[in-house]
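What follows is a pair of complexes built around chain A, which joins chain B in one and chain C in the other.
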Partner chain A sequence: MTTLLVLPAGIAWIVAAVLAPMDGRKPVWSWIAAAGLAASFVASVLLVFETLEGGPVETVAGGWPEGVGITLRADVLGASFAAVSLAVLLAAFVHEVLVGVRSRTFPALVLFLAAGLSGLFLTRDIFNFYVFFEISMTSAYILTGYREKDPQVRAAFIFAVVNLLGSVVFLFGIAAIYHVTGSLDMEVVAERIARVKPASILPIATSFFVAFSLKLGLFPFHFWLPAVYVGSHPSVAAILSGALANIGSYGFLRFGAGLMPKELGFGALVLLVLGVASIVYGALQAISRHATNEVMAYSAIGQVGYILVALAIGGPVGYAAAVVYAIVNALNKALVFLASGIRGPLAGAAFAVGAFSIAGVPPAAGFVGKVALFQTSIDAEGTFRSAALLVLIFVGSALSFLYSFQVYQRGFLAREGGDNRRPSPRAARTLTVALAVLVLALGLWPEPLLVLGEESANLLLEPPNRGLAEGGAP
Partner chain B sequence: MSPRTKGKGASSFGIGTTSVLTETVARVLLLPTVVAAVAILVKGYAQPGDGFAAGVVASLGVMLQHLALGRREAERLAVVRHAPILAGAGLVLSLLVATVPLLLGDPVLTHYPRPGGHVIYLGTLELITPVLFDVGIFLLVFGSVVGTMNAFARTISEEQEYAGPGDSGLEYEE
Partner chain C sequence: MILAVSIVIAVIFGSGAFLILQRDLLRLIVGILLISNASILFVMASGLSRGKAPIYPLDGASVSDPLVQAMALTALVIGSSTAALLLALVYRLYVSHRSIDIEDLSTAEMEAADALERVNVTEFDRGFRDEPVQEEQADERELEKEEPR
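Entry: the complex of A and B
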């Protein structure tokens, strides 16, 4: 099924190219774009099933022999990230269409972003990854300025400047990795890195870490995030935090756990400390803020800290928890940002589901993520470390419960009766509620999530494919 | 060096007026730049070069027109006025070359004729589908770079018109 592999990025890309000259404010083009996104999403979901059953799907572009051409590959990890990101994009886009698209380029940009994201999750070539990464980032820079008022333009400027810096750091890392291993194919690179002394890989690993941390907005690299998430339009904020930030968590898993596991092990303590710092900093800042999207922006900083902690502990349980948490977090963030942008009946309920999912309250999906993290902490080496992590995750969850409740109270309870603003279109509210129901459903029936996490972890822990080592001299 | 010398043309980017010498050289250089770009495009199959680099070189030629002659002169070239269409057409062309093989049951980006097949030569250039792909990339890069330049130039010249005649709208160190 190699054609299926090309479809998620391909459909989005072609529809984007066709829609680029059209006036996206007209509903007909918006709905064509939505149909294209939906087709991409369906293809990525099929790909998830395909990879779960038959293992990774690969194809070499141009029909070249392996090692010569650029290899595209879907495995469970990539396909699930593609599916989640496309789901978030689809939800945020349809939401915006229902509320009313105000810019002619909006549909095409979202589709370009979808093409870039699904391309980078479904490639085996590091440079190809970078190209798709840039496609998605460039569309995201323009999307951040959507609605073109002062706050949005300011947010877009900050976002573009900081993330261009991140891209440069990432590009340096790629050049260095090519210098050391003589290849950009992920499997060959992984196999060769395993034979190189970690000392020469550590600086490269650090540059990748910095690049992906910037994307995710981890503690010392978070400085841009609140301004951008607060300034941008709610559905764009949902896209940025629910779809684009997945690049960061996927990058950690693919490059850290997949390509440089030894170096990840060396840096485990640093990752733990940064993760913990992120959790505490994000939660405390979120509690001290008032505006809904400001609280959620800081909460985003805290939430990615959990992914980093899971990654630092590593092993099958840790990696699985990181995958589960990343997926759940993407859905949560999309839900709260979309819900914070609408008014009227049920908006509060949808927001509450998202907020309490972030806090890890059952039966929302966030609970599954938190349970996976608890398991990971128990698995951590040393009783003291385990205990400390357990306490930390508990405190972190309590704090997130606190700010979620505060925000809900201020935003939705207090205004009861006093809010005379026009409610949002019924369809937009229904969509947000549907997303909330999905989050609840994943909490009640977490089996699919856990399977994805477990399979991804197994994949990352597999020794690199030895058969490819003869592809060329290192 | 003072930017306010005697020529007539006004640069698109508000750098005052330019000298006759600069204007003439800019006009004369346009065609060689395009030829160089095409050379880079077709040599890419055996030597360094490709559609991307060719697109960048060709758009540098247009950049020179903007700088030396101003927006109105630069936009007398039809390709400059229609840059966005070129970019879109290039993207669609490249995507088609990439995806049509899928419909024929081959991997994405497969080129025709396949290795060993009969190839038509145009001089030393082999007429294979990757040439079309590279032409698409060339158009995409050229169109988007020139389109971006036009957008900047238009913004700046609007500001200048707003500031009134004789005022560049921006201040420069003399």
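Entry: the complex of A and C
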């Protein structure tokens, strides 16, 4: 059971280290990398089942006694985020292998990214989180420059500079939280934060909020996102928005809802306003753009707004909706960016599934996310707030339907005289269609998603209460 | 002591922030490095105890907090590797743009955005054809060029 905990990051890590000096353009190494990634993914899925049945799995790294060593921990929230991110990475990577890898380092970098992501989702130690976070970010900086054309190099530079500053802000927050609570273990920190006056935690909470908003590309921190998503190669854009952005939503859930629920409550109004601003701004900008990538980049800004709104309302329904929406959004974005990079029969169909899933049209998975959000806003305190949110979410969805249809029409319908470009390899198209089928299947049979969301919400609501009950007065 | 450390951190952070606002990309990187070092100093300052170096055996005297030192070391390693990466990126930018002035880069970025807009508008009028084909052919040529190595 505990070995399973190490596997997702471990396999990816070892395969990445082996592949690092090899020429990744040769299919052999690419397929070995894909096999490693698939093994990591399978391990993380098994971990999801394990945590659903038997609760969180924990182990202390290196055989140190508890409280001294770094604790690795998998719970439903972390394991499901790891599974989704690895799934997106696997799809994007296999897609790129089928189209043709153009850089020696591409497979190793994707694996390092996988190791970093699964490591940070499966840890209980805040500093360990930071280290894995930096590992995944560093590989992402290099990946953004993949194919090394001018726009891609520029995108990589912008991405690296902005996100490095985000990491620094995060490091300030970690140091401060250590100074206030005297620990880096998430459970101990959560317990002690519950007993500290919120005034001393609020600045720390703000620094975490800024750091994760930068990753996600929320409204006032979004300035880097369009340039990076438009500049980078489609499969890299799928990785960035489908896998890497999960760090931001996971960070909000884990650090906001898990560690600092009181402070999250104080900031609820700010979160709500920023979330709504993101939704409206993203949707309006997306409508005014033409290129598929650009529209989807602005749509990404809008979509994370929904997660923030769900988080701001909070409670079991809100947290569950945030988890469900984050997972669905990751899959949607991966599908849309991958489909925008291919041509030929069924490419348009796959794109349509992704685009309409973003808009929340019924058979696709996006509908499940939107329903969860509507539920959340009905649950929100106050009739006025509830009504306003309902209207806003409805308007946001209508706008996203508009730009989804626009971009689909421009990209795939309005081609007079037929498409004279060479279609993409059949295998790559099949993969994208498979991803589209997955999105549809999750929409038709949403129970697994809803269970994950519900269990994660219960988990997030549990720790501070238990800490208070056990610890009592200091 | 606390005041002195805070002032040092503030000054380093301030200088870094000033350098980040410069047009020269190298200065920008030096600015980022200064800011990340300010954060590492902040990590050191957040230690919970002061005293001698925490080396075993301990002779009863108070030791400095070893955890923050471990964190600072890790953060330093990460910082130096990202610095190397950033410098490599700037070199790559210099190779392709022949400049490390941020104005030139943003001009190039704006031109690319304008071109994108034009292509899309004309594509929309004409019914989408030419540009992407050329791009793909360029891709293929590139691939052929790279293959023999």
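Just so it is clear, the second predicted complex is superposed on the first by the 459 of 474 C-alpha atoms of A that agree within 3 Å, B and C clash if a C-alpha of one lies under 4 Å from a C-alpha of the other, contacts with A are read in each partner's own complex, and residues count from 1 in each chain.
Simple rule for what comes next: a contact is a pair of C-beta atoms (placed from the backbone, for glycine too) under 8 Å apart; a residue touches a chain by one contact, two chains touch by 3 or more.
Model, not experiment: these values are computed from the prediction.
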item	value
If touched residues of chain A are counted for chain B and for chain C, the larger one	C
First, second, both or neither for A:Gly10, with chain B first and chain C second	first
Chain B versus chain C as contact partner of A:Glu381, first or second or both or neither	neither
Touched partner set for A:Ala176, first chain B, second chain C, both or neither	second
Partner chain in contact with A:Ile142 - chain B first, chain C second, else both or neither	second
Contacts of A:Glu134 with chain B and chain C, given as first, second, both or neither	second
Partner chain(s) touched by A:Pro21 [first = chain B, second = chain C, both, neither]	first
Residues on chain A lying within both footprints (that of chain B and that of chain C)	none
Chain C-facing residues of chain A, complex	25, 100, 102, 127, 131, 134, 138, 141-142, 145, 148, 150-151, 153-154, 156-157, 160-161, 164-165, 167-168, 171-172, 174-176, 178-179, 182, 184, 227, 230, 290-291, 294, 410, 414-417, 420-422
Partner chain A, residues of chain C touching it in the complex	20, 25, 28, 32, 35-36, 39-40, 42-43, 45-48, 67-68, 71, 74-75, 78, 81-82, 85-86, 89-90, 92-93, 96-97, 105, 108-109, 112, 116-117, 120-121, 124, 127-129, 132-133, 136, 142-143, 146
Complex contacts: residues of chain A adjacent to chain B	2-3, 6, 10, 13-14, 17-18, 20-21, 59-63, 72
Residue ranges of chain B touching chain A (in the complex, touch as defined)	84-85, 88, 91-92, 95, 98-99, 101-102, 106-111, 114
